Amino acid sequence: MTNSRVEIILHESDLLKGNFLGDPYTRRVGVYLPPGYDSAKRYPSAYLLSGFTGRGTMMLNETAWGENIQQRLDRLIATGEIQPLIVVLPDCFTRYGGSQYINSEGTGQYEDYFIQELVPYIDAHYATIAARERRGVAGKSSGGYGAMIFGMRHPETFGAIACHSGDMHFDLCYRPDFIPFLRSIDKYGGVENFIATFQDVHPKKGDFNSILSTVGYAACYSPNPASAWGFDIPFNAETGEWNDAVWARWLAWDPIELIPQYGDALRSLQLLFLDCGLRDEFNLQFGARTMAARLERAGIPFRHEEFDDGHFDIQYRYDVSLKAMSDIWK
Amino acid sequence: MTNSRVEIILHESDLLKGNFLGDPYTRRVGVYLPPGYDSAKRYPSAYLLSGFTGRGTMMLNETAWGENIQQRLDRLIATGEIQPLIVVLPDCFTRYGGSQYINSEGTGQYEDYFIQELVPYIDAHYATIAARERRGVAGKSSGGYGAMIFGMRHPETFGAIACHSGDMHFDLCYRPDFIPFLRSIDKYGGVENFIATFQDVHPKKGDFNSILSTVGYAACYSPNPASAWGFDIPFNAETGEWNDAVWARWLAWDPIELIPQYGDALRSLQLLFLDCGLRDEFNLQFGARTMAARLERAGIPFRHEEFDDGHFDIQYRYDVSLKAMSDIWK
Amino acid sequence: MTNSRVEIILHESDLLKGNFLGDPYTRRVGVYLPPGYDSAKRYPSAYLLSGFTGRGTMMLNETAWGENIQQRLDRLIATGEIQPLIVVLPDCFTRYGGSQYINSEGTGQYEDYFIQELVPYIDAHYATIAARERRGVAGKSSGGYGAMIFGMRHPETFGAIACHSGDMHFDLCYRPDFIPFLRSIDKYGGVENFIATFQDVHPKKGDFNSILSTVGYAACYSPNPASAWGFDIPFNAETGEWNDAVWARWLAWDPIELIPQYGDALRSLQLLFLDCGLRDEFNLQFGARTMAARLERAGIPFRHEEFDDGHFDIQYRYDVSLKAMSDIWK
Amino acid sequence: MTNSRVEIILHESDLLKGNFLGDPYTRRVGVYLPPGYDSAKRYPSAYLLSGFTGRGTMMLNETAWGENIQQRLDRLIATGEIQPLIVVLPDCFTRYGGSQYINSEGTGQYEDYFIQELVPYIDAHYATIAARERRGVAGKSSGGYGAMIFGMRHPETFGAIACHSGDMHFDLCYRPDFIPFLRSIDKYGGVENFIATFQDVHPKKGDFNSILSTVGYAACYSPNPASAWGFDIPFNAETGEWNDAVWARWLAWDPIELIPQYGDALRSLQLLFLDCGLRDEFNLQFGARTMAARLERAGIPFRHEEFDDGHFDIQYRYDVSLKAMSDIWK
């Protein structure tokens, strides 16, 4: 039997042409084809969404002790924990670090690109079972967020979702970053200068990340193409005065607030899996708990787990979620 | 001329009898009498409010290199920076660390105690000029908050206030503590156990302080004597779900929200001084900036300063505020 | 029966006159006299040594929830855990924060002052039993170090010592400070400028303390009155190159190295007590363990305890050590 | 002209067979061949050594904003900053994270493998100029250390070396890790259990890294194949007591101590380049300064630079060192 292989394809998008941030409209997408892949057969497919500052192909990076995604999938298939799958590694990166997999005037039409262009392309070129009942989406962090949003907004495309440590309960996961933003933005010469120069800043750590995240999420959730920055932020960058109107635009994208709106979609899923580390550095365990409590109240089936770890280097949780998907696809 | 002296008096309160937390109703109050104090003369008086976890007499503590309040006042008077004053060091401590100088069913009637009992007692027993035009109140942190609240609610008592690094803009100064509260409350066996045992916890640092502060402020701002804890908190202690109704009770005490309500009082003050360190660990510089911006918009005179320091060990700022008071009392 | 009282005496030293740092030669010393103190009776006496940046009278400071030393002693005597004692609170502070209770050309003759002037003065003016069998010394941190050194060098004066979290194993407790010193000294304008201006630096925290401690200990352990700074440090302040000769001067004062030299003295003690918190921020638990291991090997009796806490706010450990002293004095 | 390409070769070593840690003796080595590579021509070659926990091929990993090594080399060649080179990405990883590129009974014969097997293999299979005058070695962190060691011990192989933030002045770069080791080793069940289970520990951060580094370096510098762990550490893991004999074995590998021994070799180099970030998290700036000071005193030519950054994400410094090599190879 042939080994697994990963094809890196260059996928040109029409919908991303002319995107606001000037990011590329041709994207490198990884496609994992399982051992013994036979284009005459048909396979379920799973899309793995990378987190903020990530591209799908970065899941192929080599690490000191861990597996990259190809090694992981090979092992899971070899041991029979999952059946042979086609796994897609999309690229929805932006110059600020990520699109949250949604459409935004401040970034680009990433949701449409994904659903209308990428999925059909994969189905057209690979031996997938092109049906929601055999198509899943999973991700971590902002990728987990994307999976949750797709489960809500595109149940016609994905019948199974897995959200690992996904962005939700924005008051607890995003808002704490606004404090280091306020405390440090002067050090970077203000927002306008930060935007222009952040790629050359060294080192990219600590408060830098709080500012970059805030910028990146604002471009997604509260774009303002007519403004100098291209987005609004939910507070005054000098005094910290709160802007409820802008924050309301963010909250309109907070999964814990969207259950009423997308209840039917969530209820229709074959798998709604969410988990989080007990010591998540972005407090996402509380978001997951809140989500679980509200799903429970709404009578929507789901599976919620907690594990003893933080936010980083938790790719091993895919072992759990991919098995859960594979099990329902048997 | 005689030296200055500090009298430590035991002041019995009627209003604090039967207070909810069972704290003492007899309080040790420090009274600084300036060098050459002559009860036949009359002096302006200033009340210095200690911060959370403090009592007024702790300002008399000896430190390695700094001055205690007696040494500081002696120096300021000796150099002529301020005129001879009577300075009062009140005790509004509670078992959770402080009363915020307000009335609360969850702590006691500290505002009433202060205005109706303590000030009259001082005027009756010491050679003060018993008039708002010669009576001021200053404080740091929760003491600065108390000064601001007294300026708003008791301009008939205090004509001059100085708020150093005072609690305000609760979204920025208190809310960040809710995260460590959530992350660590289990370590202390839950809220009920924390309340029962916190005095014996060692060491009292880090997340401990975030929990204690939250408990202490909740007892002041959102008391609920009928409940198991005696107060409500603005979030679910397990999931972090936000409780807008409880938070609204806190915000009803946030100085930046109270300007419309107390505009006339603030406008009537002879001195409305606020300052904050540029690197305040509790983000109070943003609160002060927001306050200043809103006072400005409301056409209320004030003096706002920033200094290059954090939140702690900034007693030297009293040199500035006491001089400002003394100047208007000449 | 009369209450306990604390007398604050002004004690003039001859030996401290002309000390290198120009520190005062008249010191404020606290003397605790137990409830019912009767000068016709005779009492054991204990000297409590404050840590670096402390003076004995600072043990009288009021704290939020804890006891000051007077309250603590009152309670211990009232419950019968200890017998009535005279407790002395000496002042061996220097402009850099402390003398380590030793003689040094770079600070002053603090060891001689203590043994030759202070102890005789106390015995002459208070109802002590003036004998090593009824005289003890205890302290925390640098005060614990002082107690250990006195136990080694002055067993004729002290028959019982208690060393709480005392400085020892200098490689582990002092050397880590040299790294922040190296990393930050430039920020303070170099050593010479630091020495000249440190008292006015705000805030005094973080790396500041590492530098101040290094300066302070160097003045004690490796004085060099002829040099610009008045002391040598065991590394090059720019490159970090190590200076074994200077470090050897420090190690000549490290208690774990002094057991062979002072074995007979240590063996003669009625009580040799040492303890440390398991999470001591200065790694002193390892020093205490090393000390215990070496005392064991040398056949010297001692009592060693560990407790679950850090380095700060551990005055409650005096309950244990004072009881241990009191027990042997029965 | 053809594009650059990277060949990943499987290189089998004889010398690594039966290595102590049971690590693979067949290694994946990356070989960068420049644009227009023509095996009929001859090119200088540079070996890039990865740091601790790294393998050469990890330099090919994709990052959010940065370049991987192929992109970097392409750019440097395209702009003419460097001439076309063959660049080799070796793998000297061990189960503990790295071999320091030296022979050790506790790891394997990595120095010999590198010099006797890898370099000849590359010269035999690629169009290199097989002479020290056109062969260089550069690296970062432990890779910088390796470059420095090769410059000292194998000037016959490498005429140019570049050491970025390389391990040196072990007292400042390694010794600080021993403190968190001591404080946390119990949490991991002791050294023996740590060794057996560390690969499964989550998360791998904070004190974990201090312990792993200590274990890894000890296996290199103070192996003890006969012992339970396979190595000795320079301190008692319970009390922290120092072991001078073991530490001396480490210092025998500290570059700042080796100048007298390898002065002629260092003097013979065409390029001896070292640099470090001013805020290096491992204090390596002081090591580099000490090295520079001692090279200066020994009259050995070198180039020393400092840059305003920390230890991580500083691959951009290869732009400087590769240009320096390329310049001397013109």
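Here the chain labels run A, B, C and D in written order, and each chain numbers its own residues starting at 1.
Everything below uses one rule, namely that a contact is a pair of C-beta atoms (placed from the backbone, for glycine too) under 8 Å apart; a residue touches a chain by one contact, two chains touch by 3 or more.
In this text the structure is predicted, and so the values were computed from the model without any measurement.
Participant: Common contacts of chain A and chain D?
Facilitator: The shared contacts of chain A and chain D amount to nothing, since no chain touches both.
Participant: Please compute the C-alpha centroid of chain B, do the same for chain C, then give the distance between them in whole Å.
Facilitator: Centre separation, chain B to chain C: 36 Å.
Participant: Could you grab the centroid distance between chain C and chain D? Build each centroid from C-alpha atoms only and quote it in angstrom.
Facilitator: Computed from C-alpha means, the inter-chain centre distance equals 46 Å.
Participant: Distance between chain B and chain D based on Cα centroids, please, to the nearest Å.
Facilitator: 57
Participant: Name the residues of chain B that each touch 2 or more other chains.
Facilitator: Where chain B is concerned, no single residue meets two or more other chains.
Participant: How do the chains pair up in terms of touching? List each pair.
Facilitator: Going through each pair of chains, those in contact are A-B, A-D, B-C, C-D.
Participant: Considering only the defined contacts, which chain B positions touch chain A in the complex?
Facilitator: It comes out as residues 169, 171-172, 175-176, 179, 182-183, 236, 238-242, 279, 283, 286-287, 289-290, 293.
Participant: Residues of chain C touching chain B in their complex?
Facilitator: 53-55, 57-58, 60-65, 93, 97, 199, 202-205, 308-310, 312-314, 316
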